[in-house]
Amino acid sequence: MGIRVAVAGASGYAGGELLRLIVGHPEFDLVAATAHSQAGLPVAAVHPQLVGLDLVLGRTDPAVLADADLVFLALPHGESAALAATLPDGVRVVDLGADHRLTDAAAWGRYYGGEHAGAWTYGLPELPGQRALLAGATRVAATGCYAVATTLALAPLLAAGAAEPDDVVVVAASGTSGAGRSAKPHLLGSEVMGDLSPYKVGAHQHVPEIKQATGATGLSFTPVLAPMPRGILATVTALPVDGVPADPRAVLAQAYADAPFVHVLPEGVWPHTAATLGGNSCHLQATVDVDSGRLIVVSAIDNLGKGAAGQAVQCANLMLGLPETTGLSVHGIAP
Amino acid sequence: MGIRVAVAGASGYAGGELLRLIVGHPEFDLVAATAHSQAGLPVAAVHPQLVGLDLVLGRTDPAVLADADLVFLALPHGESAALAATLPDGVRVVDLGADHRLTDAAAWGRYYGGEHAGAWTYGLPELPGQRALLAGATRVAATGCYAVATTLALAPLLAAGAAEPDDVVVVAASGTSGAGRSAKPHLLGSEVMGDLSPYKVGAHQHVPEIKQATGATGLSFTPVLAPMPRGILATVTALPVDGVPADPRAVLAQAYADAPFVHVLPEGVWPHTAATLGGNSCHLQATVDVDSGRLIVVSAIDNLGKGAAGQAVQCANLMLGLPETTGLSVHGIAP
Amino acid sequence: MGIRVAVAGASGYAGGELLRLIVGHPEFDLVAATAHSQAGLPVAAVHPQLVGLDLVLGRTDPAVLADADLVFLALPHGESAALAATLPDGVRVVDLGADHRLTDAAAWGRYYGGEHAGAWTYGLPELPGQRALLAGATRVAATGCYAVATTLALAPLLAAGAAEPDDVVVVAASGTSGAGRSAKPHLLGSEVMGDLSPYKVGAHQHVPEIKQATGATGLSFTPVLAPMPRGILATVTALPVDGVPADPRAVLAQAYADAPFVHVLPEGVWPHTAATLGGNSCHLQATVDVDSGRLIVVSAIDNLGKGAAGQAVQCANLMLGLPETTGLSVHGIAP
Amino acid sequence: MGIRVAVAGASGYAGGELLRLIVGHPEFDLVAATAHSQAGLPVAAVHPQLVGLDLVLGRTDPAVLADADLVFLALPHGESAALAATLPDGVRVVDLGADHRLTDAAAWGRYYGGEHAGAWTYGLPELPGQRALLAGATRVAATGCYAVATTLALAPLLAAGAAEPDDVVVVAASGTSGAGRSAKPHLLGSEVMGDLSPYKVGAHQHVPEIKQATGATGLSFTPVLAPMPRGILATVTALPVDGVPADPRAVLAQAYADAPFVHVLPEGVWPHTAATLGGNSCHLQATVDVDSGRLIVVSAIDNLGKGAAGQAVQCANLMLGLPETTGLSVHGIAP
């Protein structure tokens, strides 16, 4: 008999990917999946790719969730804190939302508004020392999708003293599933196909999370919506520290030598998002710009994989003492 | 120690998907992957989604293949027969190409040209009695991608006497990976994105295969290239047999009651290709046209999954006495 | 001073394309554009591609429309009849909606419901004799997008006695703009990219319109949503009439010898949708299926061009005694 | 009788767009279009969107080109200099390639190699004073696509002393037509759909052109291939000059007050590429990043329009004393 797992917010895109991973996980038993307006529908009516999954979406009832060993919360920002507060300590919880990511209440207020729910253990296993923290945690705040892509590219360079923290510039493009499943006019297929559009330019809510996770002190972050369902490509640049002979690729390769899901590609090979689709991998490459001398790192992830559901399962594996890779794939599905 | 598996033609799209499935298969050990012009390259240089797979593409050497227990041939049409002839009887072979599909030498000559290599056991497990044949086979010709989508939709209606075999009309659209990985101008992204284009109109080489597999006697088949990497959607229509109260959906549901990968969707729910991406499932739905009275069946598959690599692994499982579903997923990856 | 033109329903996709064509038309002056929920917004806020167009969307006020010489109605089905009834006889009206297309009130009731508003002159100039009717008309019902693509492919074959009218099978795929601009979950970019999905299978409201326009007596019509913003590709098949030596391409070429916007492509060249994007052309090709003997015609149009706004302007040109091609392009924009 | 115009390199994507614009231009007569391997084919066989254009592609014969009043060169880099040298002074020439853009021979050698052909009048009319130079020019080097998008965003900020020139960071994503029409494996539709991939990271040949055109002294430029046929979205960031109260949007609005094709969008509205498709416009917006204080400007163009063929026609209009906008559209085609 496996670990009893429940998902709240199972009708969205991250929720659907969680369900897929959970039913394929050798140690997990999916016992409940809850939703709001779509409660009462079979899972396969909401997620046709999960045909044959014999489960009906329930209402988001704390009592049902409390009966599980492990609960994933895939709710809109601001909804998970109240729900999490109702769950017994013995239930492990991984929150895919932002509610418990930030340690700085002021930053929370500035970018999200409302009361700060307090920070949980941060769910990015590849940060130094983080696996040990996750192993002992019962409450984990999984990393945001843009923050995964940016932090994995940037954190080792700052930690190694190779890059200046005060003038980091990031442009990151995401597939549309990152914008969620709510029907909004600007997310219609007719609008997004053939189109690139920036949004939240100059003030994106992932900025404080990335600064907290990386140690960057000055960060310009511009997100762009790209005409594809999945994937994030982040171009991260920073000034080199004077006098440090920077080989940014070597710094990354050393930092991730033991990380099963982070792959520093062979020299000269650059990441692209399609190679990560459906898997839990992050692909990285780095160089020094010949003109400006800036360090440039590019990272690619599946925003619903390593950027959301896969990351959450990876964290759960660590919380439960399972091998980090259980039920996850390093391989993508291409073309 | 598992079953030793080799793939010839591993650099193409079907080859790449085979490698992904083989390395994830609990009973298979990938021992060799061969190619032509890309021999000598690491697999991950050719298939970046298979990052971390520590294997170099070899030359297509019969001796290497003969050393395996199971060989998948994912070669261009006309190249597998000669290679297969060199392999010992004890090596099980699944050919994803067309060389051994047709029993009718004349039809082979008409659509493919060259000498007819003779037919092998046909690799479509869902045809009546076919699982038993596959269980005893050492040489299997896996079904073509369009033939999978069309045959699964049509065969039960003809077998049940519900549809007339002499005036079947099929229009099937495929993602571009079905056209292969050779660099041809009309397959450039700039050409295919935003575009639908028919091809081989009036004379497609899958026609004799579909007729052989379904019993259709008159078949108009029009393929269309669609702006997406994967997926086939086949719209299959046939005249009802007079006097037979046709409920085509019920006929299909009964035919596939025990087929783990063929899903007749709930009434009113129509298949769409994205729900099958990455899995080995075929989704089906059927109705009677209110104006013409024609039976309309729509099927959706992943052309590289149930239409190629997944199907081939499913056949291999049956040949080897393994559960049909080993190492395969009924679930797709969406969005 | 030019012809004063107004557009009702200017906030949708057909409305936006109408505005673009009108402001580029040498004889037209755009005097009003009206909308519902978006009234009060500048046109460019709703249609960013029309940057610099200095006009605010007004409310749909009959008095404003009555002040124009020519009014285009690009409203949802069922909304144009009432509005049209308020307009003076002297105002020419082209309705892009379905309200006045069908002559058969029963067919209207069956597919659309509600009261039948009566038929106007049918806006497909390429039908025999239709240009003369349009020249004298003040009320024109422009053809539906699927009906344009199907009728141009089929009508000449039936008129020439080359094809049987009682067993026509059509599968037609459309870009997503054909589904309109309302935010619906299944039209999200995340859902439609990488996906083909059939809809209204077995009972589509364009069936009676196509039968009326072509003379077909039995018609199976299956529409498919394709992952691209614009374009319709229709595959139209019909049985040949016994004893008639069918050269379907020659029949089409003769029928459209004088039609500036309908192009029968050189032998062996098949239409594809991208070549029609942004223009008012229909591309056609035909053959006889070698296996079944069916006649197969494929047509490609831009659903917002020849399938909607372009067609409407073409009709208006004829109503006004202008050259048919004024302000329209036969050329598409590719890639 | 109009101006006699010829296009060399008419079989590529920029060449096709040039043909479309020329045949729609009220003052131009297209007299010749030349190509290499596709010489001898009708234009419409190579550019199906130009159906009905009755012209055969000729060989690239200097005598034929010399007979025109105006020649557009749309050739691969390195091929236009030799050809241009054969043309009489009286023939006006617009080169869409890079051969005559750079004034710095050393920079040419570093990024392109081979002999430096010398610089022509730079074809970006919106630069201060450039219209006057173009009016007197007979040889014009049209701006590169990425350089258009970046320079229009950046040049006014540097000219106004609002931004520092030494730490400019640009990430720009382009549709695939920017990579040309040669059949290369990585440009196949199967590869590019659903994918974002960076290329030439750390050393792109547009860097010296952008520095020359803008006055930037330090520039990190990262290009990304995006899954769409057309469009460039450039995100341009630079540090503000200390003590200068920067309102970057106001600086841009003033710079382009009289530019018919450059549109600074209303405050809060960000450019997106689809709105520029098929037109000659550049859309701009700017802000100050709340966290880093960097100036962020985003620009969107159609890479084949304002980024290539449209720009070239705009330059030719100025060279010929025609209104700058003749034969060009400020409006895009969407969706």
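General remarks:
Read from first to last, the chains carry the letters A, B, C and D; within each, the first residue is number 1.
Here, contacts are C-beta pairs under 8 Å (C-beta built on N, C-alpha and C of every residue); 3 or more make two chains touch, one makes a residue touch a chain.
Note that the coordinates shown come from a computational prediction; the quantities given were computed from them, not determined experimentally.
Look at the CA centroids: the one farthest from the centroid of chain D belongs to B. A comparison of the A-B and B-C interfaces places the larger number of contacting C-beta pairs at B-C. Mean C-alpha position of chain B lies 37 Å from that of chain C. Chain D has its Cα centroid 45 Å from the Cα centroid of chain B.
The residues of chain C that reach two or more other chains are 13, 175-177, 190-191, 193-194, 227-230, 272, 274, 277, 335, listed in rising order.
Listing the residues of chain B that touch chain C in their complex gives 167-169, 171, 173, 175, 190-191, 193-199, 201-203, 207, 211, 218-222, 224, 226-231, 233, 235, 237, 239, 270-274, 277, 285, 287-294, 296, 298, 300, 335. Those residues of chain C lying in contact with chain A across their complex are 13, 175-177, 179, 181, 183-185, 187-194, 227-229. Interface residues of chain B, counted against chain A in their complex, comprise 13, 16-17, 20, 23-24, 45, 47-53, 176-177, 193-194, 229-230, 263, 265-266, 269, 272, 274-279, 281, 283, 329-335.
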